[in-house]
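Consider the two complexes below, in which chain A is the common component and chain B and chain C are the respective partners.
Entry: the complex of A and B
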């Protein structure tokens, strides 16, 4: 793994340019990564436009663009701006948060499978939501708040339980898996004590769905991303150093535990908010960073490419689920779940062929 | 796995001093007594409390009174608990030895989830309704996921972390599939939400008879593997030099673990952590010799499972908590304790 990464980094050197200014400032620029980010953004936006045009009342892409720019007719304006745009925006933001959160977790745990849904954050948020659905028959807002509280509490518990003179990646992963197993059992119990209508609602929520999301969900997500994304990117340097191991990065001047705590809080907040908004959409957080890394062929956490990849993935998956099953039939989580399973299998086959596992 | 034992036991070689062997044999006897007591408790305790006299009457002088009916009902539940518990504990011990991974557990490695997904597929899409029909699906699912996790986790180079992650990731994919089935089909949801937590409540004599042959074969197979697995604990080269047939042992161990876990899951749904906890507890007083670990695990695992089942009946009277939930709530902290106790270098 390690050697393989360094080989890849040597390969990618060719695409790295540095920008120098007369004042002595310089900026390292990975041309390939920039191109990937641009392409992924384009893909996400294209998928969004297509998704807005998809539904019981199809709208051609040109009309969608016209309406978004403010000169569509009244009917289209209502459908686009009030019904479909918020849903797509929630999809984009949730995907971006999950992609970034996943990249952070994978970098902190230093394991490509150490994503927040595997570590029990999704399960924790689900537990919070189920408590609201099953025990209190709560409204949508209460369910969202419950999920947020559940996700944050789980993240906090995992960090505390994994703490032992610092948090080591492996311990974090294993403690997360243990917590995840406990919470899964609690969720199963909550499902068995609910009546069948609540149970059906709970299962849809547990799969992850974008149905019926409106502007109310957009604003908190957007606000949080606006704060957290710059914060995370500002600390990305330290994270990159930490891939070399705690001791080396400490020697290079990174305050390892502080950066890790800060980034983990950010990752937990991103994941919990995204989960509260759309349910625990599986595998976006796991696959987005890995796919992004394969595209950029660059070592390191690849935070920005992962973010764009997450957004593109989720919106595309939502489009696929609406096209293949019809609107409102199967939630987007089913599609990402299937895609995630296929991706795991593909990973298995290719990694094995390449002799890496 | 050797890292678990205190130094004086690690140094020990095959012929244990007679006194120690006697103590272990005596301990085995004590374990059997404990098992019998827990089994009796499992018959006596429940929504309707029975006295020991009534239990005795029901067991040996069945005359169809209300108490006797209750005893008969709880008896099949207890027997299923005994069998499933033994199967899970034994498969956990075999998996831990086979993968040389102290955190191996059929639930954590996703083998339970594989069996569940296969059973749900059989029930929903193939219309299989009898246990004898879907037990084969459970085996196939368990075996497929077992192999998949082994490869994805890195086969020979597998570390506990990679195996556990591979198992969890595959479980997540399979549970996603289960959820999709439950969303599409309300009838499936009505049945499956009870099955997927793992419960002994639906035990019947017919079900027990159907899984019994599989469990018997798996148990005998696992117990005969103690010696070669012991040799393999010392590393592949040493084991080969000692005359163990590595590939045959691996294949048979995987087969027995799959059969045991698949049959137990088919009968009572996925139950986590029993296979993880018991071998650890056992190892703390038997040392690393599998010839003792395996029999002890076979006897003490049902103690845990039945004990958890009894607790589940007591804490939520008159309703009950499914046994799978209790084992997860007890087992999760044990797992986290095991993880925390280890130095990171050993993981």
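Entry: the complex of A and C
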């Protein structure tokens, strides 16, 4: 009986391994989650290399790798390092930020629908960008700043409106949907008053595209991720406890309000910056965390897997759009929109069957 | 096991009759006013949780018993007064330090999708862990022990959402046990359970109290359960303590009528000898009510 019990208990923590040092340090690793992260990273990098090689001037993957390692010929070096690499890097970073931002929002609201797409952060950023494009005919930098400001303002508004002794799941989602509807109306108004050239520019921006992204977009994204990702991961354990409800996590010694505020700010910043860089690429933030969760099959916010999934998804979607329609023809947001829309439908149907909505 | 007690600060004595001084006990509330936004639930309330007791708080609905428990577990900040844990104001103590001394089993808890029993119980170790100390052999031992004590070791690899209500409650109690706190607060741990599981959970509480010397504080709905299991009973009404003490000393027909507005007899529980509240028959109750009304009418005329 006793041996039977201990065998069972070992199986129960099946894929979780602990690393311990004599000094009392111990790490807990979910082997499956680590494998998922590694595979997704590999997939994202492979897709990146293939994507760099794709275009009017195709370059074989081996040459891409050689050039990236600083060993290519001058022509390839220009195409790879100056034209295509920054675009792919922006894609990776935007995907990663959206994946992580989405995972944070969904964990905080304890609801897969509580993602930035549904909450209207994308629309908020769009409103900021449209104001710049339509009212001021602003430069690319001004549009980016406008989008950033719009996203942050929307995030702030949602937080204030949803605040009542802490932000709670459905309240956050419902307020977000309301805010999203209002901002969408504003966007529609801005488009109708704009002239045809501005409108065309606005529509391309609104679909979400990686076209013509260069090093200028890479650095701010990279800097922000370098600060926020470690900060978020350091608070991941608290967030994991918060899955069980505010009371339980409070009782376990998590400073619930502090962790939640900090992580919401981080999530809004990540999403707003990503949107400012590439436009509102739809549904990555919604789908990446859910797909990652299905791969790791582990409870918890799955932050790192979601981040890698977002990056892999976005770069792959960009490759699909380029491959099918040629560079610059089809914005990546269309592909993620189609894939994500199908996923959203499926999610709504299963949630409904499970009786959660 | 118990951390060293720090010297208790000198308390100011006040003329307020409700004030009791905490000199020995680890957990107490001192003149607390409890309110949600503007709605005041209790004013100037003081209560002592005797060490090593199984304290049960009873009272009619909305009397503030859960609110008091929330204040004692620092979930609700008193708008006045303070809750003391080991002589320190609980709100100003580091969150994890409190969580290593005082555990709480709240009413609202959500089992994450697809979590196993062992994983959920393991989360009770959070206050003992850090980024560099994520899962020690001690954690593993305590989790196993907590599951054995609550009789859920057999279920270790099962998913929490496929368990019955009674089993699930045991798992949550196991999680609170894994926190290894000398004080454990339980907010209506028997609600939504059928009778055998209610007794089951209460037996488990009594065991934790008697065999491990933990101090337990529970809010219970059933007065008879409270009288049977509590070593110390606190009767609350309208945010005020009406009586407190050993159930055998304080549970009388008068008290029940005062607190719950229910006419009853109190007899000895044939099993345990503790007080057993038997509500008066409906006819007897309506009879007295009409009698009273007659008396009132005669007096008025």
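Convention: the second predicted complex is superposed on the first by the 332 of 357 C-alpha atoms of A that agree within 3 Å, B and C clash if a C-alpha of one lies under 4 Å from a C-alpha of the other, contacts with A are read in each partner's own complex, and residues count from 1 in each chain.
Here, a contact is a pair of C-beta atoms (placed from the backbone, for glycine too) under 8 Å apart; a residue touches a chain by one contact, two chains touch by 3 or more.
What you see is a predicted model; the values in this text were computed from it and never measured.
*Asks:* With both structures lined up on chain A, is it a clash or a fit for chain B and chain C?
*Replies:* fit
*Asks:* Check the residue A:248 against both partner chains and state whether it touches chain B (first), chain C (second), both, or neither.
*Replies:* Only chain C; A:248 stays clear of chain B.
*Asks:* Check whether A:274 is in contact with chain B, with chain C, with both or with neither, and answer first, second, both or neither.
*Replies:* neither
*Asks:* Is A:28 contacted by the first partner chain B, the second partner chain C, both or neither?
*Replies:* It touches chain C, and chain B stays clear.
*Asks:* Between chain B and chain C, point out the one touching more chain A residues.
*Replies:* Of chain B and chain C, more residues of chain A lie in contact with B.
*Asks:* Write the angle, vertex at the C-alpha centre of chain A, between the C-alpha centres of chain B and chain C, to the nearest 10 degrees.
*Replies:* Apex at chain A; the opening toward chain B and chain C is 80 degrees.
*Asks:* Should A:185 be classified as contacting the first partner (chain B), the second (chain C), both, or neither?
*Replies:* First partner only.
*Asks:* Examine A:314 and indicate which partner it touches, taking first as chain B and second as chain C; both and neither are also allowed.
*Replies:* Once the two structures are laid over each other on A, A:314 reaches no partner at all.
*Asks:* After the two structures are laid over each other on chain A, how near do the C-alpha atoms of chain B and chain C get, in Å?
*Replies:* Checking C-alpha atoms only, chain B sits 11 Å from chain C at its nearest point.
*Asks:* Which residues of chain A touch chain B in the complex?
*Replies:* 111, 113-114, 117-118, 161-162, 164, 168, 170-171, 173-175, 177-182, 184-186, 188-189, 191-193, 196, 199-200, 203-204, 206-207, 282-283, 286, 330-331, 333-334, 337-338, 340-341, 344-345, 347-348, 352, 357
*Asks:* Tell me, which parts of chain C touch chain A in their complex?
*Replies:* Result: residues 73-75, 95-100, 103-120, 122-124, 126-127, 129, 131-137, 139-140, 144, 147, 153-154, 156-157, 176, 179 of chain C touch chain A.
*Asks:* Which of the residues in chain A come into contact with chain C in the complex?
*Replies:* 5, 8-9, 11-14, 18, 20, 24-28, 110, 234, 237, 240-241, 243-245, 247-248, 250-255, 297-300
*Asks:* Could you pull out which chain B residues touch chain A in their complex?
*Replies:* Where chain B meets chain A, its residues are 103, 107-108, 148, 151-155, 157, 160-162, 164-166, 168-170, 172-174, 176-177, 179-180, 182-184, 186, 189-190, 193-194, 196-197, 272-273, 319, 321-322, 324-325, 327-329, 331-333, 335-336, 339-340, 344, 347.
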